[in-house]
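Presented sequentially are two complexes of subunit A, the first with subunit B as partner and the second with subunit C.
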Partner chain A sequence: MFTLQTWIVQALFIFLTTESIGELIVPCAHIHPESSVVQIGSNFTAVCVLKEKCMDDYHVTADDIFWKISRATVSRDQYTVINRTSSSVTFLNIPLINVLLTCNIRMFGQINRSVYGIRIISGLPPEKPENLSCIVNEEKKMMCQWDLGRETHLETNYTLKSEWATEKFEDCKAKRDTPTSCTVNYPPVYFVNIEVWVEAENALGKVASDHINFDPIDKVKFNPPHILSVNNSKELSSILKLTWSDSRFRSFITLKYDIQYRTKDASTWNQVPPEDTSSTRSSFTVQDLKPFTEYVFRIRCMKEDGKGFWSDWSEEASGITYEDRPSKAPSFWYKIEPSHAHGTRSVQLKWKTLPPFEANGKILDYEVTLTRWKSRLQNYTVQDTKLTVNLTNDRYVATLTARNTVGRSDASVLTIPAWDFQATHPVTDLKAFPKDNVLWVEWTAPSEPVNRYILEWCVLSDKSPCIPDWQQEDGTVHRTYLRGNLVESKCYLITVTPVYADGPGSPEHIKAYLKQAAPSKGPTVRTKKVGKNEAVLEWDQLPVDVQNGFIRNYTIFYRTVIGNETAVNVDSSHTEYTLSSLTSDTLYMVRMAAYTDEGGKDGPEFTFTTPKFAQGEIEAIVVPVCLAFLLTTLLGVLFCFNKRDLIKKHIWPNVPDPSKSHIAQWSPHTPPRHFNSKDQMYPDGNFTDVSVVEIEANDKKPFPEDLKSLDLFKKEKVNTEGHSSGIGGSSCMSSSRPSISSSDENESAQNTSSTVQYSTVVHSGYRHQVPSVQVFSRSESTQPLLDSEERPEDLQLVDNVDGSDGILPRQRYFKQNCSQHETSPDISHFERSQQVSSVNEEDFVRLKQQQISDHISQPYGSGKMKMFQEVPAVDAFGPGIEGQVERFETVGMEAVVDEGMPKSYLPQTVRRGGYMPQ
Partner chain B sequence: MDLRAGDSWGMLACLCTVLWQVPAVPALNRTGDPGPGPSIQKTYDLTRYLEHQLRSLAGTYLNYLGPPFNEPDFNPPRLGVETLPKATVNLEVWRSLNDKLRLTQNYEAYSHLLCYLRGLNRQAATAELRRSLAHFCTSLQGLLGSIAGVMAALGYPLPQPLPGTEPTWAPGPAHSDFLQKMDDFWLLKELQTWLWRSAKDFNRLKKKMQPPATAVTLHLEARGF
Partner chain C sequence: MKVLAAGVVPLLLVLHWKQGAGNPLPITPVNATCATRHPCPSNLMNQIRNQLGQLNSSANSLFILYYTAQGEPFPNNLDKLCGPNVTDFPPFHANGTEKARLVELYRIIAYLGASLGNITRDQKVLNPYAHGLHSRLSATADVLRGLLSNVLCRLCSKHHVGHVDVTYGPDTSGKDVFQKKKLGCQLLGKYKQVIAVLAQAF
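Right after this comes the complex of A and B.
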C-alpha cells in the first residue's frame, strides 16, 4: 500500500514536471539510476541530467539544480556539478530508509520546481537459509522448512528447489506469510534420493542454502496404526493381546513400534520394552498385567532404522484381563454387642470388601465358619460384609473366605476370646500426624508377636455419635495411613488394637486432625468477679465441633474505651484468668481468641466496669461516719441534758403564771379571785368590758415588735385610768403578738391556759359618744391561742348572746382565712397579698365587720369609703356596748356587706393612735 | 578381545581386499554412497514399492477401461503389442545373462515402458487417474535413475538409446478402441511382470553384492586396531 502510494506520487511528479506541449510528455530532466534499492550502510550517488530544452526555456544550468529528500533540501556539500547539464548527489552510509529523492531547479533565481524524482529503498541482501529439513507425512506431499536469518527489509522470495540426478522438480515458492516453509506440489517418490535446497532472493542478492540429499522414505511420518482389538485369555489372567493394522509401507519396509498401556484410572503410561516391538508386526501380547483389570493401550510406529519420525499415537483402546481367584483374604474384625440373654453374646463379625486389585474378579459371596473349642463347625454364606451371631461366652475361632467365579481367597482367621478374657499388651508410642493429605498413624509394636493390627477411627463430635470406620494392617506394619474419606478440621479418635493369636490386645487411643483450621467460633469470655483493680475472667472450653484443631492457647484482649489494647496469652488448659492492674471505675472491653496451629478466632466482646470502690470500702467509710455522727449527737444530747437549766433559761423566759398572778395588785378595782370565774365576773362586770382576741400560735409577728407593742401598751396602760385584765398562759417557744381587743364584751370563761387574752379597759361612752381617751391593756401572757374550731360553740354562743337578752354580748373573733378565700375567688392580686400580709388584722377587722353587719342596715354596706367612715359610728350602734367604744386604728378594713358580696381591702390608713400592723 | 596372530593376519588380508575395492567403485551417487549395496537395496525397495503402487493403479485403470478388462480371470491373447519389451524370457536364457546385461535389459525395458506409460497418461480421462499415472511415471523415472545409479556404481555404462528408435507413443488409426484398451491392458501386465522380475534381479544382486557379515566385522575390528 505504501509502495503503491509512493509510485503514484512519483508518477504525479513526472507528470507535473514535464512539458506537455506537443504530443508526448517529456520530462524536463532524468535521474540516474531510475530507482534504487540500496544496501544499508553503503554509499549511493544519483545524477540529475537536465534536458537542453528545459535549460533553454528556463535559463537554468546544473548549478541551479538542488536535491530534496522527502521535501527536505539536501545540503549542497553533497552536490557535485559534473558539467553544465548534470549534477550529482552522494549519500554516505545509507541507513534504513524508504524515501523519495527529487531533482529540483531554481528558475529565474526564485521559482523552485521539481523536475524528476526517484525512490530510494534501503535493505539487506538475504542471508543463507539454515537448518533446512523436510518431512513427508504419509499420503501427503513433502514439506520442508528452514530458518530465514536476518531481516532484509526488502521483498525477499524463498524458493525450495528439488531435483534428482536425472530430473528437476517443480520449484516450490514459499508464501509471503509463511516464508520459512513450503510444501512441494508433487507426490514424493520413495526410495529415490532427492536433493533439496532453498534459494532466497531479493533486489540486493540471491543466496542458496546448503543442499540436502535424502530419500523421502527416511523423512516419513507414518499414519498412526489403528488398534483393531484387545483380547484377554481365559488361561492367563495376566495378559492381553493387542492387534492393529498399520501403514501400507509395512509390506516393503520394516517398522518398529512403541506400545504403551495403563490401567483405566491411572495417569501414567507403562512402556512395552522397545526391543520387543522393533520389527514389523501386527499384534503384541502384553504380559504381567493384573487380573480383572481394565487396561488402555496406544501404539505408534516409525521406520525400524530410526530414520524419519514417530507417527502420532493411535486412538486408545482398552481391554479387561480375565478374572483370577482373590489374591488376599479380606480384613476381618468383630464387635461384641450387648446382649440381654444370659450366657450368650451377640457378636457382629464384619469384614471389608476386597479392593479390585485383590478381589481379582467379581466377589460372589463370603463364607464364614465359626468353631467353638472342640465342637462342630458352623458355616455361613453371606453376601453382605457383616454377620451377627449369638455366641456363648466361650472362645471361638472365626474364618472368612471370599469367592469369585474363579476360586476362593485364603481364609482370614479371627479369634473371639472368651468373655472373661483380659486384653493385654497394647501398642506403645502411638502417634498420629497428617502428611501428604493423609493421616498417618505410627506405633511401636508390643513385645509379643502380633498377627495383625486393627485401626478404628471416628469423628469426635457433640452432635453425632462416634461411628467408627476401621482397617486392618499386617502384623509387621507399624506405620500406616487411614484409608478412609477423612475430612479436614474434624477431630478423629483413632484406636489401634493389636491382634494376637489368642485374641485382641488392649486398644490404645489418640486424637488427631487431618488438617487443622482456626476455630470456627471464639470462646465467650465473661467476668466471674470484678474488683476495683482486677477482674477474674472465666470461659468455657470450646466444643469439639468448633475447635477445628487442637487449642494451643488463648489470648485475652482487653482495653478501655480510649486505651490501647492489651493482649495476654493464656495456656489452653485454663478456663479462668485474673486481669490485674485495672483502673477503677472504668469500662473495659474484653474479648478472647482461641488458637489452633492454623490460626485463631475471636470470641464476642464482653464489657465490664470496674467499681469505684473496692468491696467493703464504702462500708469502711460509711460506718465510721455514722458512728461519729451518732456519737456527736449523743454528746450533744448529753450536753443539753447536763446544761438544761442554762438552756431553759435562755430559751424559755420565765413567764409568770397567770394563775398565780394577782390582778388585784396592779388593778385594785378588780378582785383577782374573780378573774377566772365567769360566774363571778358577770355580776361584777358593770364597769369592766373585756374583749378576747384569739391569735394563732404560729403567728410570725416579730417578737421585738411584740415587745414594743407591749411596751406601748404598758405605757398606755400606765396612762390609762381604766380597768384591764390580762389572762392567759403561754406555752414554751411560741411567740405571741399584740392584738387589739374590740370593745365587745369579753368572756373571761373562755380564757383557758392556751389563750392569751387581751383586755381593753375602756371608758366607753354610751351610745354615740366616743370616749376621748382610749386605753389598751395587754396581758403579759404569751400562751398560744386556741383555734376557733376548738370551740365552735363559742360562735354560737355569740349569736345566742347577741340575739337574746340585754346582757353584754360575748364576741369572739375567729380566724376565718380559709372561708374567706373560698368565698372570694375573684379577689385581686393586690388584695390577696395584702390579705396575706395582714391576715390577723383582717381577721380582726372582718370579725368586726361581721359583727357590724349583723347590726347595721343595708345602706351601710354600699360603699367602702362610706363604710370606712361609718366605722366609728358602728360602735355607737353596737348593742350591748355600754358606753365603751373601742377606738382602734384601722390599717386595712375589709368591707363585708353580706355573704357573696365582694370584699376588698382598703388602703392602710393610720388613724390616730399610731399602731400599724406589719 | 584377544586375537591370535593367525587371525590378525587373516583380518588384515581381508581389510586390504576391502580397501582395495573401495576406490575401484566409482562415485555413483551424488551423495557419494560408499558402494553399490545401498543403492541396490534402494532399487530393490523401489521396485517392490512400484509393484505395490502398480497394484492399486492397475486396479483403478482396469476399472476405468471397464469390462472385460477389470475381470480377474480376463487373460486375452497378446495382440499388436509387439513393441513392448517382453518380460517373459526363458529361465535358462535369463540365468545365462550376467549382471550387466540384466541391468541393461531392465533399464531399456523400463525406458520403453515409461514412454508408453506417458502415452497412457495423456489418454486418461479422469484427473485422479491422471495424477496417479503421473506419479507412477515419476516413480518409474526414479527407478530408471536408480538402475542407472546401480549400473554406474558397478561400473557399467548406460545403454545409449539408438537414434530413431526412441519409442514414441503414436495412436495408430488402425487401432480400434478395444484394441487400444487391449494394448493398455498388456502394458500394465508387462509392467507388473517386469517389476516382479526386477525385484528378483535386484534381490539376487543385493545378496551378491552384500559383503559377508564376517568381513564387515573384521573390517570394523581392524579399524579398532
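Right after this comes the complex of A and C.
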C-alpha cells in the first residue's frame, strides 16, 4: 500500500514536471516516421526508439514498450522488438483512418507513460482528372473544368496549367469549394493555340490530366446579337425584315446564325433554315408569314465552322406583317324570328368575325346583299355581326363580304328558303363525344351534295334558356369539334344542319357532355304505396342542372334499423320501383343514388314503416266476427222469445191491472160503465191521449194535512213524466199530471213503476156543463192508499159525459194551441217569457196547471207556492201570472177561431175560487 | 495588363539592358537549336492572317480613340501631330519569301508591341480615366503578343529560326506630356498604316 502511494506520487511529480517544463524536457523516445500519410489498403510500420538516458532513468528497455492507437492498446502480436532500444509495430491493410499512434513504456510499479506519438492519416492518391474542357465567354477570361475522379480523403490541390508554344502562363489554382473548375487570370488571346492541362496533387501523389491544345477562338461563346428592328413591307404582307448587331468578331471571323420566330400567341418556335444564315450578316428577311400577324423573333450566333458554343438567345423582338385582303368568307347563318305581320318574316342574319389569320387585317365593316329571285333588293353595310331584316315569304339569297383596308373577302352565300320550304335530307349517325378536352361531333353526310354544315349548341338548363352558339364547317367535313368555351359537367344540346344550295336541310340533335361528373345531388325517393310486405317507391328525374352527366342507373339502398343494407339497381328510365319481400310492421330506411359514368351521388334518406296488416285484412277478420256475434244474438233472442213465459215469470212477474181493480165499486156516484175496461170507456180504441183536468182550487182554504199527499203527487208526476211520451201534452204544454191512459203501454208503465198510479180526473165540464158525476179511479195496487184518496171529497172530479168523443178534441185543442203559441205573433209575450225563463217549457205549463189547481183545490195552494219560490225564473213572472193565465185562455180561443178548428170547442173561463156557471 | 507587364515590359527591360539595344538582332543560324514548349499548330498561317485581320479591324478605331482621348489640339491637327512619321520603324517587303516576310513581321510586331507598351504606360498616367482607351491598348498589345508567338513558332517550326534581332522605338519616359502624346499618336497612325499592309501581305 505504501509502495503504491509512493509510485503514484512519483508519477504525478514526473507528469507535472514534464508538463511545466515543456520543451525543456527531452523526449524519452521518438517514432520513425515522424508523421505519416498512408495509402488506404497498404501496410504501415512504425519504430519507437528509446533514448539511453531515459532507459537508465526509468530502468526500461524496448521490452517495456507498448503501442496505442487512440487510447487502445495495440495487440502485442503486432510488435517486434528490434533491439534493446527499438520496438516496431506493423499494421496491415490500413483502412480509412485518422488516428494518433503513441509509443508507451511501462515503468517500475506498473506505471504507464506515453513517450512519443505521431498521427497517421490514410487516404488515396488523386486520380487523373478527366474530361477537361474550356470555354471562353466573349469579353471574359477563359474558364476550364474537369472531373475529379475518386475521393482521396486527403487534401488535394488541382492546378490548371496553360502555355503557348513559346511561353508559359501563370498557374490557375482551383478553389477549395470549386475543385473542378478554374478561371485563368489573363485575358484570352485568340488565334494562338494554347495548351492546357490539370495537375492534381496530394500527400500520396501527383497526377496530370491529358493536355488539350486549342485556339481560344474555337472555344468562344459570343455575346448574343442585339436585334435592332423588325420591319414589314407594304408590298409583301408575308415578310418581315430582321436586323441586328453582333460581336466585334464578325469583322475578322465568319459567324453563322440561328433565327427563330413564332406568332405572338404560339408557344413553339419556327426555325429559319440554317443554310440561309450560315454566313456573317446583320439582317435577314423572313418570308411566308401570315398577313397582319404579330411575330416574335430571336437570334443567336456562333463561329461558322461550328467550333465553339452558340451564344445565348438574344432578347425577343416582335413585328407585325402588313395587312392583306381577308382570305376567307365569314361564316354566315340566319334565324327566323316570329313575326306578327302577315306575309312577312323577321330574319336575323348573323355571321362570325373572321379569326385574325383569315381576316388578314382589321375588318372595317361587312356588306350584306339580299336578293329576291334575281333582282337585287338591298345592300347593307354593317359593322356588327348580325342584321335583322323583314322579308316576305319568298325565297331570298343573301351574300356577305368582309372588308379591311386592303380589300374584300370572298362572298359567303346563304339561301333563305320560302316560308313553305320543307327541309329534308338530315345528316345521319350523329355522334358527339369528348376527346382531348374538346367535344367532337361526327356525322354521316347525306346523299345530297352539301355546301356546308351549321353546328349549333347550347347548354341545357332548367334555370336558364338555351342560348345557342354556332359554327360553320365546309361541306366536305363530317367530323369537327365545337370551337366554343365549353365547360365541364354541362349538358349540351348539339344541332347539326346541312345546308344545301336551295336551303337548309333538316336539323339533327344530340346531347353530349364535355366531361361528365357525378351528380351534384341525389334523387329524393318517397313511397307511393306501402303494403304489408312491399312498398312502391317513386322519385323524380334529377334536374338536368344537377345531373352533371348522363344518368346511367339508379341504386336503391334500403335497410331496417338492425339489418344489412340491400342495394337494388334500377334502370335510369324508371321513376318508381317496388320493393318486395319486406317485413310487416318494420321501419325501413331507404335512400337512392344516381350514377353517371363518373360516379354517383346519394340522395336523402327516407324512412317508412310497413303496416301490421295488409289492406282488407282487418275487414276480413272483423266482418266474420260481427256476423257471428249477430247470429249469436239472434239465436239468443229467438231463444228468449221461445222461453219468454219462463223468463217473464222469473224476472218480470205480472202486475195487477189497475183498470181491473174494484175501485169502481167504491164510488157510489160513478156509473159502473166507467170502471169497465178501456174498451168500454173508449169503444173506438183510439184513445191515446190524456185529458186535461181543470181543477178549481181554493187557495184561501189551505189544507195543511194534504201536504203529504202533495209530495206523493209530485212523485207520481215524476214517474209519469217518463211514460208520457205518447201524450201530446208532454211536449206541447199538455198536462203532465197523472192521467188515465187506455193504452197498453200506460198499463205496463203503471205496472212497472210499482207505485200507486192515480188515474187522470177529468174535472171540467163539457160545453159549459157542470159535471154531474165525479169519477174516481183507483189502482189495484196493494199499496196503502193516500190520505187524499181516503177523502174523496177533496177531489172534485168531473166526469166527461161524452166519453171518448169529448176527450180527443180537447187533446187536439191543446196541440193546436201549442202550435199557435209557436206561430202566432200575438203571443210573442209568451215566447219572450219562454226565452227569459230558465225553466223549461214543461215546468212552465206545470206551473200554470199548478196555479189552476190552486184555484180548484185549496189544500194544494201552500205547497204550490213553495214551489214558486224555489223556481226563480218563474218567480220573475211575478204578479203577471194571473193575467197570464187569462191571456193564455184568450189566446187559445183566438187560435181556435183563426185556424178554423171545429166550433165544438168553446172557450173556458176559469174564475178564481171555482167553476164558472155553465 | 498583367500579361503585358509580365511579358512585354520585362522583355523591353531585358533588351534595353543588353548591350547594343536598339539595333536589329541577328537571325539565328539555321542549325541553331529551336525548341518550343509544344508543337505548333498546323494552321499557324491562318491564325497569323486572322490576327492581322483582327488588328487591322481595330487599328483605325484605336487611333481615333487615342487622339480623341488626348483632346485638343490632336483631333484637329492629325496631319501635323499624328502623321506616321516614326523613325527607325522596321521595314517590310511584301514581295519577299515567307521566311523573310515572317522575319520582318516579327520585327515590326516586336517594335509595335514595345511602343504600345510605352504608350499604355504613359496613357495611364496622362489619361488615368480613359479606361476604354486603356483596355483597347492592352487588348491590342495582347494580340500583338499572340501574333509574335505565332510568328516565332512558325519561324522556329517551319524555318528553324530560333532568334530574330529586333529594334525598338525611342524611350518616351523622359519626354514631356505633349511629346508623349504626340509620339503615341504618331505611332498609332503608323500602326494603322502598317497593319493594313501586313494584313494584305499575308
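Points to keep in mind about this one:
Convention: the second predicted complex is superposed on the first by the 616 of 918 C-alpha atoms of A that agree within 3 Å, B and C clash if a C-alpha of one lies under 4 Å from a C-alpha of the other, contacts with A are read in each partner's own complex, and residues count from 1 in each chain.
The definition used in the following text is that contacts are C-beta pairs under 8 Å (C-beta built on N, C-alpha and C of every residue); 3 or more make two chains touch, one makes a residue touch a chain.
From a predicted model like this one, the values you see are computed outputs, not experimental measurements.
Subunit B and subunit C, once both complexes are superposed via subunit A, clash.
Judged by the touch definition given at the top, the superposed model places A:215 against both subunit B and subunit C. After superposition on the shared chain, subunit A has more residues touched by C, the comparison being subunit B against subunit C.
Look at A:195: by the touch rule set out above, it reaches both subunit B and subunit C.
When the two complexes are overlaid on their common chain A, residue A:185 makes contact with subunit C while staying clear of subunit B.
When the two complexes are overlaid on their common chain A, residue A:168 makes contact with subunit C while staying clear of subunit B. By the touch criterion defined above, A:251 reaches both subunit B and subunit C. Of the two partner chains, neither subunit B nor subunit C is touched by A:613. Taken together, the two structures place residues 164-167, 186-187, 189-193, 195, 213, 215, 217, 248, 251-253 of subunit A in contact with subunit B in one case and with subunit C in the other.
The residues of subunit C lying in touch with subunit A in their complex are 2-3, 6-7, 36-41, 43, 46-48, 50-51, 53-54, 56-58, 138-139, 142-143, 145-147, 149-150, 152-153. In the complex of the two chains, the subunit A residues touching subunit B come out as 164-167, 186-187, 189-193, 195, 213, 215, 217, 248, 251-253.
Those residues of subunit A that touch subunit C in the shared complex are 163-170, 185-187, 189-193, 195, 211, 213, 215, 217, 248, 251-253. Taken together, the subunit B residues at the contact with subunit A in this complex read 29-31, 42-43, 45-46, 48-49, 52, 131, 135, 138-139, 141-146, 148-149.
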